[in-house]
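This is the structure, below, for whatever I ask next.
Chain lettering (A, B, C and D) follows the sequence in which the chains are written, and residue indices restart at 1 in each chain.
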Amino acid sequence: MKTLNIGLIGTGYMGKCHALAWNAVASVFGDMPRPQLAMLAETSQELAEKKARELGFERATGDWRAIISNPEIDVVSITTPNAFHPEMAIAALQAGKHVWCEKPMATKLADAERMLMTARASGKVAALGYNYIQNPVMRLIRRILDEGQIGAVNHVRLEMDEDFMANPDDLFYWKSEASSGHGALDDFGVHPLSLLWGLLGAVRRVCGHMARPYVDRPTPSSGRRAVETYDIATVLMELENGASGLLALNRSAWGRKGRIFMQIFGSKGTIVFDQERMNEVQLYTADGARETQGFRTILTGPQHPPYDRFIPAPGHGLGFNDLKVIECRELMRRIAGEQAHLITFEDGIQIERTVDAMARSVYEGRWVEV
Amino acid sequence: MKTLNIGLIGTGYMGKCHALAWNAVASVFGDMPRPQLAMLAETSQELAEKKARELGFERATGDWRAIISNPEIDVVSITTPNAFHPEMAIAALQAGKHVWCEKPMATKLADAERMLMTARASGKVAALGYNYIQNPVMRLIRRILDEGQIGAVNHVRLEMDEDFMANPDDLFYWKSEASSGHGALDDFGVHPLSLLWGLLGAVRRVCGHMARPYVDRPTPSSGRRAVETYDIATVLMELENGASGLLALNRSAWGRKGRIFMQIFGSKGTIVFDQERMNEVQLYTADGARETQGFRTILTGPQHPPYDRFIPAPGHGLGFNDLKVIECRELMRRIAGEQAHLITFEDGIQIERTVDAMARSVYEGRWVEV
Amino acid sequence: MKTLNIGLIGTGYMGKCHALAWNAVASVFGDMPRPQLAMLAETSQELAEKKARELGFERATGDWRAIISNPEIDVVSITTPNAFHPEMAIAALQAGKHVWCEKPMATKLADAERMLMTARASGKVAALGYNYIQNPVMRLIRRILDEGQIGAVNHVRLEMDEDFMANPDDLFYWKSEASSGHGALDDFGVHPLSLLWGLLGAVRRVCGHMARPYVDRPTPSSGRRAVETYDIATVLMELENGASGLLALNRSAWGRKGRIFMQIFGSKGTIVFDQERMNEVQLYTADGARETQGFRTILTGPQHPPYDRFIPAPGHGLGFNDLKVIECRELMRRIAGEQAHLITFEDGIQIERTVDAMARSVYEGRWVEV
Amino acid sequence: MKTLNIGLIGTGYMGKCHALAWNAVASVFGDMPRPQLAMLAETSQELAEKKARELGFERATGDWRAIISNPEIDVVSITTPNAFHPEMAIAALQAGKHVWCEKPMATKLADAERMLMTARASGKVAALGYNYIQNPVMRLIRRILDEGQIGAVNHVRLEMDEDFMANPDDLFYWKSEASSGHGALDDFGVHPLSLLWGLLGAVRRVCGHMARPYVDRPTPSSGRRAVETYDIATVLMELENGASGLLALNRSAWGRKGRIFMQIFGSKGTIVFDQERMNEVQLYTADGARETQGFRTILTGPQHPPYDRFIPAPGHGLGFNDLKVIECRELMRRIAGEQAHLITFEDGIQIERTVDAMARSVYEGRWVEV
């Protein structure tokens, strides 16, 4: 495996997360060349230089196209606001670079489809940032499902709740503008759907509903402005595999901080996961003596790879940022031609088509095929 | 308050529960005449006599009409299979007796409507058995809502899950026959809807989905028979108060034993309740220092009436049967002309109409007004 | 089994609990004659009559000796303050009655020893009220231990915490007087020790410590009075079976309401129980695939007798008062000459000797043999 | 702040953890020069070179003294087995280097005292690796205590349990040899004591007990060898501040993976922490309406610094390795002359003296002053 030269566009929440991952991946996994943190782009040269120093990148630029045109760059991390993803990803792929773009692909489905076309044409790895699927717990759940430990899955419920939009007194900002999307549905929906996609496959039909907890919000000028997006969404689903499903999203859910709650019901057992306790999973299997059946709380440990690459002792806990390191490793494996667990543009488009169908079902007030 | 003479029809799960409640209510509350357990009806004289001895009733009959025609009986507890409710309740009301009938009112909405008409005409108390609303936790939740502690409610999620239909190898029995109803929807739905009714009021529009985890089941003769009911149901709701709602029901949910999970989201906080931990409720309020905000686990105690009538010390725990004692007390208060917290036929019909609308929305594949 | 005539002395917290149990036991278990609630004693004739009406007793007396001298009474429930237990229990036993006396036996070990001598001489059943051991969960734990599911037990930790003495601003009352005993040690200690006794047997050596969270408390006359008892106690134990043990007690533990927390460690697994969630027990066994090992949360149900006598469905929950009904049933079985699970005076004295040894170890600042 | 040149001795569990921290600290905190990972020592040149490549160190050596004698090295991370700490730390300090040595200081108290003397004489920073105190939760707890939110602390219970010695069929290895120390007491004890030290200060008197769950273990040659250490320890404590304390340690506790359980009781509230859920803390305060008091589950977020340096969104979770990054940052601040939260040799010796007193109390069977 050759040394990869990395370009990073954007240094916000996810930009820093990518930088930490590129920085840590070789030390954690110990079996691949250390990536070179070659070039970082921000909105100005000055900010870019400051961030390059902080995050350990060699060079800095105020123009993201300098990364695209730099022939030494092998991989581009794209962590800018969603609206910029299509232009940047397409440019990078066309310039022959691998792309690691934060989810979702785009704010419009048509743009996402263009990104996919470009990726296919390029022959390069085009991966999306979907941290949660990289949790060793998810690998364990897949294994439990594959081994039939809970039998045939017949029902799944997914919830994702946070409270950053819960305060009605918070000022109106862009997340309440229609141009930002539908609301919780596309802001959150892709996350639980990425878990669903990886564990249970595609969605066939959907029927959704959206709601506004607050009809308007204060503006800085002491006025009020009507909220255009929907902070709450609920969706009935039928999966391709025949299972019935439910999706509930709320970004105004007081007290929920990073909750992704998943309940998978099968003919022999049940799995329950809560992202706020990301190092645990609950498993119930209908075997053994009835007197002692119960949900088992499984704590992650070295027996749940690649936890072992981080810590040799069980129960010590991975963090959210560690998931990005795992994703980075999977990306590098894919670039090296190995099999890897990643949401590529091919998978991502399925997720975004599903979200799109959900939105249509809401606006049309009826069931819609994905 | 005069001494009430009680007639009990049926001695199964709920019949015994009624008997225990009639037996205990005076000792627990200590401020009303002890009801006389006057007459018990079962399917045969022999069984009735056996059960009367066990449950402390004075007389026994193999013919439930003997209770109806007995002029000394003031109240009739009806705990027979649902299909018998209409005939028995109507007869009792017409005979001038108060009725305490187990939920649901009937297997057909038209029958329930007839029961309501009769109740209205009789002027007697016609109450339904809805234990869960009697939990002191529910009284606390109502108070939290009334005091605005979580602000205006904008979203609610209700789940009810058990696993008595979870084993695909269990023999086909009547709960899988179409004549028993729709499945989980009417079998379970009324319970969470009774909580919703008491806490947040009526439902306006619904759109549901139902699923069969197992298409057929073994028969005693080693064959297989197609399952006609749906063990899983999911419903989107719009409430009269404008809140968005979600209902999920599963009677084949491995590991869930008596779970009724409720999440109520408001503009200032969130309430979470799980019936499997019926002596606890979670409350999050967005006040105080941000560093120490979190969901509070409130354990019931004497500060949550009428817990204090059972146990003077907090944290010791009520049981499911205690809820029936509270319901019995509320019924007696209503009979005595006091205000009481009860699901009467007037309320019950709303719940059953809601379930009926849900079923129609499923079969018609569209949103339906309740 | 003949009909038992019951006398009840005292109608406070535990008196009411006994009355509820005597009232319910026949209906719950359904296979024994209904006890006659014959006579109730309180401190005045007037109060006794009021309570007899409330609790369903036929006759009332202001003099407890009237119960003792009544030849029709078969069993006497003694639920008065601890200091009265010896005189009443001894009188009842000498009068040829069975005794069901609330724990602890006495405030002084010498009195307890006299009670035991009298019980032995009488040939009557002399049982103590130790509700917690009657939880179906405890029967399950015993079975798990007996079947060797967690192997040989080598360590046990017991905690009991409540917060009724936690407020330093509460007025001085008798529980802070030396005459009431040592403090948490004897007030609480007997409860976890009763679980220990039933599950793991006797204690061999102890070394304890006691502490006063508050040196004095306000008096009604605006003064302050020195606290003479110890609201906190901690004890190291060696059990007869060789296991190491730990006991921690705190009646000024803010937020703990009825917590009895027990951790039992064995060579093959671990059991964890929390009385505040009395319908659950946690079990870890070191078998099966390592990837899916974890603590199982077992919810009680009909598979855990005698839960089934109360409710035929699992996960619905028993309450604290139900435990007394079970104890009552065990007492009746013992009186009928059957084997029963009870803490008799023979067992109770072991528990009180253990507490006494713990107190001595504290005052002498050293290890003491029980 | 100048760029620090780092030397690392040892690359096992903690060596890798140090390397990850040195590698990440600048990117996470973004306000200090990136440390140079200058030189790594392992037991052979070959292994050292392999590990240097993996962990990103520039140079490698098979002789740890090469790090000591390298004048460019500013800080030495010592992560070798405990027995090597004294020689290495003393050499590094005498060579004028700052030292970051994993806990405990030494296997013998006399060696630890020598290390402290050397550190004092050197004027260099001599810090110990005590990850758990760096959890943002601990900073929150300190703040809660300092602000008097739970009033005056009067009782504390600490437990630390894991199960790596729980299997009686595991082969005898060095942790069962007397030369490795007392057992759980010194292996685990320093961790909870480091929390205690940081939150509540010093311990005054102790009385302990130790136990062997298994008297012997199999050897590779199919024989059995007597276990010389104690996998279970329990200790009564009196703290300098007057509070009563309890310490319980078990490294054969099936099902416990990384549990450090802490209960702090005060005159106004209670704090509960469980390291297996390291992103949560429970807080009970006796204020507000009694009806809604309860333990709050506080999830960490940006409001709990330095969580915000890792992730800007709450509830996403830090991992065990992140704690080391925080510790690394604190060390760098101390080296730069700033105030920092660290366990130095000055603090560490207090912890080890406390453990030593506990061991003496066990062997002498009596209370011992620290």
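One rule holds for everything that comes next: a residue touches a chain if its C-beta (ideal position, glycine included) is under 8 Å from a C-beta of that chain, and two chains touch if they have at least 3 such contacts.
Just so you know, these numbers come straight off a predicted model, no measurement behind them.
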**Study point:** Contact distance in steps, from chain B to chain C
**Key:** 1
Point to revise | Candidate from A-D, C-D or A-B with the same interface as B-C, over half of contact pairs in common | key: A-D
**Study point:** Gap in Å, rounded to a whole number, between the CA centres of chain D and chain C
**Key:** 41
Check your understanding: What is the distance in Å between the mean C-alpha positions of chain A and chain C?
Key -> 53
**Study point:** Residues within chain D bordering two or more other chains
**Key:** 256, 293-295, 299
Exercise for review: With chains as vertices and touches as edges, which is it: line, ring, star, complete or other?
Suggested key: complete
**Study point:** Touch list for chain D against partner chain A, complex
**Key:** 13, 16-17, 19-20, 23-24, 26-28, 30-31, 34, 53-56, 162, 164, 256-259, 276-279, 299, 301, 310-322
Study note, to complete from the structure: Touching chain C in the complex, chain A uses residues 140, 143-144, 149, 283, 290-299, 303-304
Check your understanding: Any idea which chain B residues touch chain A in the complex?
Key -> 150-151, 154-155, 157, 159, 163, 166-168, 207-211, 213-214, 232, 234, 236, 238, 243-244, 246, 248, 250, 252-256, 265-270, 284-286, 293-295, 365-367
